[in-house]
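Both complexes shown next keep chain A, but they swap its partner, so chain B is in the first and chain C is in the second.
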Partner chain A sequence: MAANQENSFNHLVFKAQAVRKQMNTNLRDQVVKDIYQRAEEIAAKAVALPDTRNDLDRKIDNIVTSRIWGYPLMFALLSLVFWLTITGANYPSQLLSNVLFGFQEQLTGFFRWAGAPAWLHGVLVLGLYRCLAWVVSVMLPPMAIFFPLFTFLEDLGYLPRVAFNLDKLFKKAGAHGKQILTMCMGFGCNAAGIIACRIIESPRERLIAILTNNFVPCNGRFPTLIAMAAVFMGALAAGTNSFAAAGVVAGVVLIGIAVTLLVSRILSKTLLKGVPSTFTLELPPYRMPKIGTLLIRSILDRTIFVLMRAVVVAAPAGVITWILANVTIGDMSIVARLAGWLDGFGRIIGLDGYILLAFLLGLPANEIVVPILIMCYLAQGTMLELDSIEALRQLLLNNGWTWLTALNMILFSLLHFPCATTLLTVRKETQSTKWTVLAALIPTGAAIAVCFLVAQIVRALGLV
Partner chain B sequence: MGLTTQSTGIYAFVEEMHQDPNFNTDAVIALAGNPNTGKSTVFNGLTGLNQHTGNWPGKTVVLAKGIYEHRGKKITLVDLPGTYSLLANSADEQVARDFICFGNPDATVVVADATCLERNLNLVLQVMEITPKTILCLNLIDEAKRKAIRIDRNGLERLLGIPVVPTVARDKGGLAELENTIHEVALGKRQMNPRQTIYHQAIEEALRELQAELEEVLQGKLNSRWVALRLLDGDSSIIDEIRRYLITSTTQVGKEV
Partner chain C sequence: MSIAEFELTQLPVGGFARVVGIKAEGLVRNRLLDLGLVPATVVEAVRKSPAGDPIAYKIRGALIALRSEESRQITVRALVED
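And now, the complex of A and B:
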């Protein structure tokens, strides 16, 4: 029965093939044309449009996507978002850290009262709790400001305009214009950005977008970038200036986009050859977002989600780092030993062994790189109250940092290998170990190359 | 049994949906629509928090499923990926098309943006070709009004031959009527007679040559006009999928007997 039916079906497939060959028209084009025409006819009969359709939208679009104003406006908006994030987060960050580190005193008191051994206090309070406190106090406020702002731009309908503006650049790099939309998701989380690459139909361009998504700094790296930007600007000029720091962060994002374009171009000329496919980009009407929904969604779906992820990773990382920093082999702690091995290479690219170690230990999540680094530095020297950027800068300066170290830390953080979650996502999306390995190697190569060049040039010019 | 036709792709998904006790419902409704039409808002408005997402096996597209109750009937709503067409240029379009075509939904709701209806109608017309049980949900009708766009609902229903329901999903406006319409269409209480797109004369002649014979083979399982179009189009991926579906559904019927 089934076989019989299959035979008659196959027969019809052949027959259709023969009929198609006799036809003069290109069937698919004609079908699409006829459907569009009917849609047009129905709309003409059933829809009455006003004379000045989307008049305001169009006027806004003429400015937002214009040749002259498009790019400056994008940069200005980006800087504004970062400035609001940096200035807005300062106070609640300090408040949170006062509360959380104040509680650490209480915990310490409790452990003493209970007569707990020093190592237990070290692992749980100085390791686990302190790392958690750092992650929460440093990450939560900027995220709680950045995500709603970003969601606002998204809901408003501005992001498709950004894609429209950058479309030509991506075409020239042999990539798909929709890649910019996946990069926008990457600002929130690179793993989410890589999943968003599904919107790109062509497998070649999708792979390019997946492999380069990491060059957009994700939310886990923003706190690092913001803190380092403040340190960097503070090292150049006395006192921290939130305007300048916001400018630095916006500049870092631009560097990330430039590297994305460059690497996309290289990939499309070498490993992933081909021509970019065309697509129609819809510019949806501007919509005033519903602020209530926007806040709930961006706080619940994004902020809390990312924070929980960071907390889950930070807890064991804090424990491990404390153990590594406090268990000694011979006369040195394990951390010091590992950092010692990495130090030579670190210095060449303008960093140091501890920074590289922090990046390696931070593989599970980028959020914990700076906390790990601070723990490493603290474990070997004096204890410091780390309740402000100023205190952080002092600690770093005490450990031999210059503005070049801060700059290269920013660049390395922007360009280095993605976090473990992102790599797992790449593996899942590409179903290929080869591309997953490349997704780690390409950024790491770029990070090392850029940091090396910057360090050598700055040193050759005698700027440090 | 490993990788058989029944354990992969759409069949596994449909199977999973039927086996999942939570989704043993009275009707399955597909929710299609262009991106940016508020499709997810309609989905959330109907199902509330009663939803979960699942990966379609073998595909990298995530589908959300949700349940709601209406007049004592449990209805499963499947949120398809937002697409501009069903001509399957991307994984998203393929998943949407396959579900509407082979997932046997009891009705398919196409959510359209009332402020740019013309562009949205392309998808509506393509869905109507696959299944007669199509409902057009005119979302963002408040925005259209604000922009002084007037839509003749009755005229639209007449021209398309399917029910048209205006909604303002983010304020839950019109969702009650949408539920009623879904109920009527899905449970067969409403005669559906969509007006099909008439193509260029040469195509219509070719279709006539195939349709009669196809009807015998399809036995009402799929729309013969749509299958004839696919055969003429010659896209082998969908033709293989249709063949697979025919064989699978035949053996399944055999088992039940």
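And now, the complex of A and C:
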């Protein structure tokens, strides 16, 4: 009896739901239609719309999204932004580093005057201060150029056209077209790119975008890529051959995009199965950006924000690195010992133990990877500012580097695990330890696989 | 009314059409309605992406790109000059 009653009650609820669903669709349709009808009536009385079939926006779009010019133009603009960033940042970086490293002498003098013990001077000045000085002088100028340029393209209305041009590739990869916008943000900072993934509503596609954002190199990795590109090209200095360096960096970005698409596709066939959700993208009218607000927004909101975050993680990293490099167990420093353990594996993938260790120690912030590496090679226990790319090249050659090492360093930097801040952001955005772990494992796996293949092929062909 | 109805996907670039209805249900339907794709709305196919898909449509003054998966769900008929 009771069971029967419950049964008929459930039946009734089910029926009511079905009716309500039907009502809902019709009701919603009607409401939306009425709103638009009313709006149209009002607009027709008050606004006269010009014929837009031949306006300037369409002419610009005819070029920007054309079959012939669409893709080359995107690549040219990308290269131009990098070239402006590299050449523009050269001089102010030099200036900043002179000032900041000059101040270090003052600090050393003060410590000596105060009679501070050598270890305290080491930890605070040679570890903490030098690491901060490096991060600020290397990162601030490129970011202060890159972010305004990027914000300019964003405010202009060009970025949605990029998404429009590239959407088909992302559709084929089972991903969302707006992923390209989150990737553009990733050029500035991957943590910012991952927050930007909120613009993708479907959880599946959002996760794909989050897990692959790391494959676009962020500002913290550009100095590494640029330095390695300069070494790799055999150029004397980044300044004299910034065209070639910008070209290599732009090429690296293309590899990053290709890997993003490939990994997105694999993810949407395996862990994140499903069909693409709805895609609607507005192509807004072009607008001349307001330079004043653009500068304030890009410098304050982006540059300073990212820099402060880097400073916060770089300070403890500098301390830890100094301690590891200066505390000896037996007759070797801890750094040398750790590098020794990693060396065998490093060589298989075309790198060496010190490079892998530098990447591991650089987990807090990618921009300190090269300084840590230089410090290890020099074995002086402090981070050193080498004054030219040529000096860096000599140092690397003396430590057994070939062009293959430089190439794999670039590839590993492009593909490896994201920095600690980015991982924390992934944790915050996904609320899941599983996806955070995968956000570290997937890129690392890709980096190892690619470097291994490149090293084996190059060696098998006898090119090194 | 003998004017043939067809899917928005088939509207050639430069062509105009009038919305008849939306076939999709649920979330997709809501998204498309919110763009203003209610019956009788005039839509112009403005341009194709260099890759052929998506296609950008002028809908109520805004330029909106739709993938073929979405535009296939929208039934339109040719605009008669009157």
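We take it that the second predicted complex is superposed on the first by the 402 of 464 C-alpha atoms of A that agree within 3 Å, B and C clash if a C-alpha of one lies under 4 Å from a C-alpha of the other, contacts with A are read in each partner's own complex, and residues count from 1 in each chain.
Operating definition for what follows: a contact is a pair of C-beta atoms (placed from the backbone, for glycine too) under 8 Å apart; a residue touches a chain by one contact, two chains touch by 3 or more.
Quantities reported herein were computed from a predicted structural model and do not represent experimental measurements.
Asks: Between chain B and chain C, pick out the one touching the greater number of residues of chain A.
Replies: B
Asks: Now for A:Arg459: first (chain B), second (chain C), both, or neither, which partner does it touch?
Replies: neither
Asks: With both complexes overlaid on chain A, does A:Ile42 touch chain B (first), chain C (second), both or neither?
Replies: A:Ile42: touches chain B, not chain C.
Asks: Which partner does A:Arg58 reach: the first (chain B), the second (chain C), both, or neither?
Replies: It touches chain C, and chain B stays clear.
Asks: For A:Val32, using the defined touch cut-off, is the partner it touches chain B, chain C, both, or neither? Pick first, second, both or neither.
Replies: Both: A:Val32 reaches chain B and chain C.
Asks: For A:Lys273, using the defined touch cut-off, is the partner it touches chain B, chain C, both, or neither? Pick first, second, both or neither.
Replies: Touch partners of A:Lys273: none, neither chain B nor chain C.
Asks: Just to be sure I read the superposition right, which of the two partners does A:Tyr71 touch: chain B = first, chain C = second, or both, or neither?
Replies: In the superposition, A:Tyr71 contacts chain C only.
Asks: Does the superposition put A:Arg20 against chain B (first), chain C (second), both, or neither?
Replies: Once the two structures are laid over each other on A, A:Arg20 reaches chain B alone.
Asks: Taking the superposition as given, does A:Phe164 touch the first partner, chain B, the second, chain C, both, or neither?
Replies: second
Asks: So which positions on chain A get touched by both chain B and chain C?
Replies: Common to the two interfaces on chain A: residues 25, 28, 32, 36, 49, 280, 282, 284-285.
Asks: Help me check something: in the complex, which residues belonging to chain C touch chain A?
Replies: Those residues of chain C that touch chain A are 25, 27-36, 38-39, 41, 46-47, 49-54, 56, 58, 60-67, 69-70.
Asks: Could you pull out which chain A residues touch chain B in their complex?
Replies: Residues 1-2, 5-6, 8-10, 12-13, 15-17, 19-20, 23-25, 27-28, 30-32, 34-36, 38-40, 42-43, 45-50, 53-54, 198-199, 201, 280, 282, 284-285, 287, 290, 293, 428-429.
Asks: Provide the residue numbers of chain B that touch chain A in the complex, in ascending order.
Replies: Residues 35-36, 60-61, 84, 87, 89-92, 115-119, 121-122, 124-126, 143, 147-152, 155-156, 159-160, 170, 197-200, 202-203, 206, 209-210, 213-214, 216-217, 228-229, 231-234, 239, 242-243, 246-247, 250-251, 254 of chain B touch chain A in their complex.
Asks: What residues on chain A touch chain C, complex-wise?
Replies: That would be residues 25, 28-29, 32-33, 36-37, 49, 52, 58, 61-62, 65-67, 70-71, 164-169, 171, 177, 276-285 of chain A.
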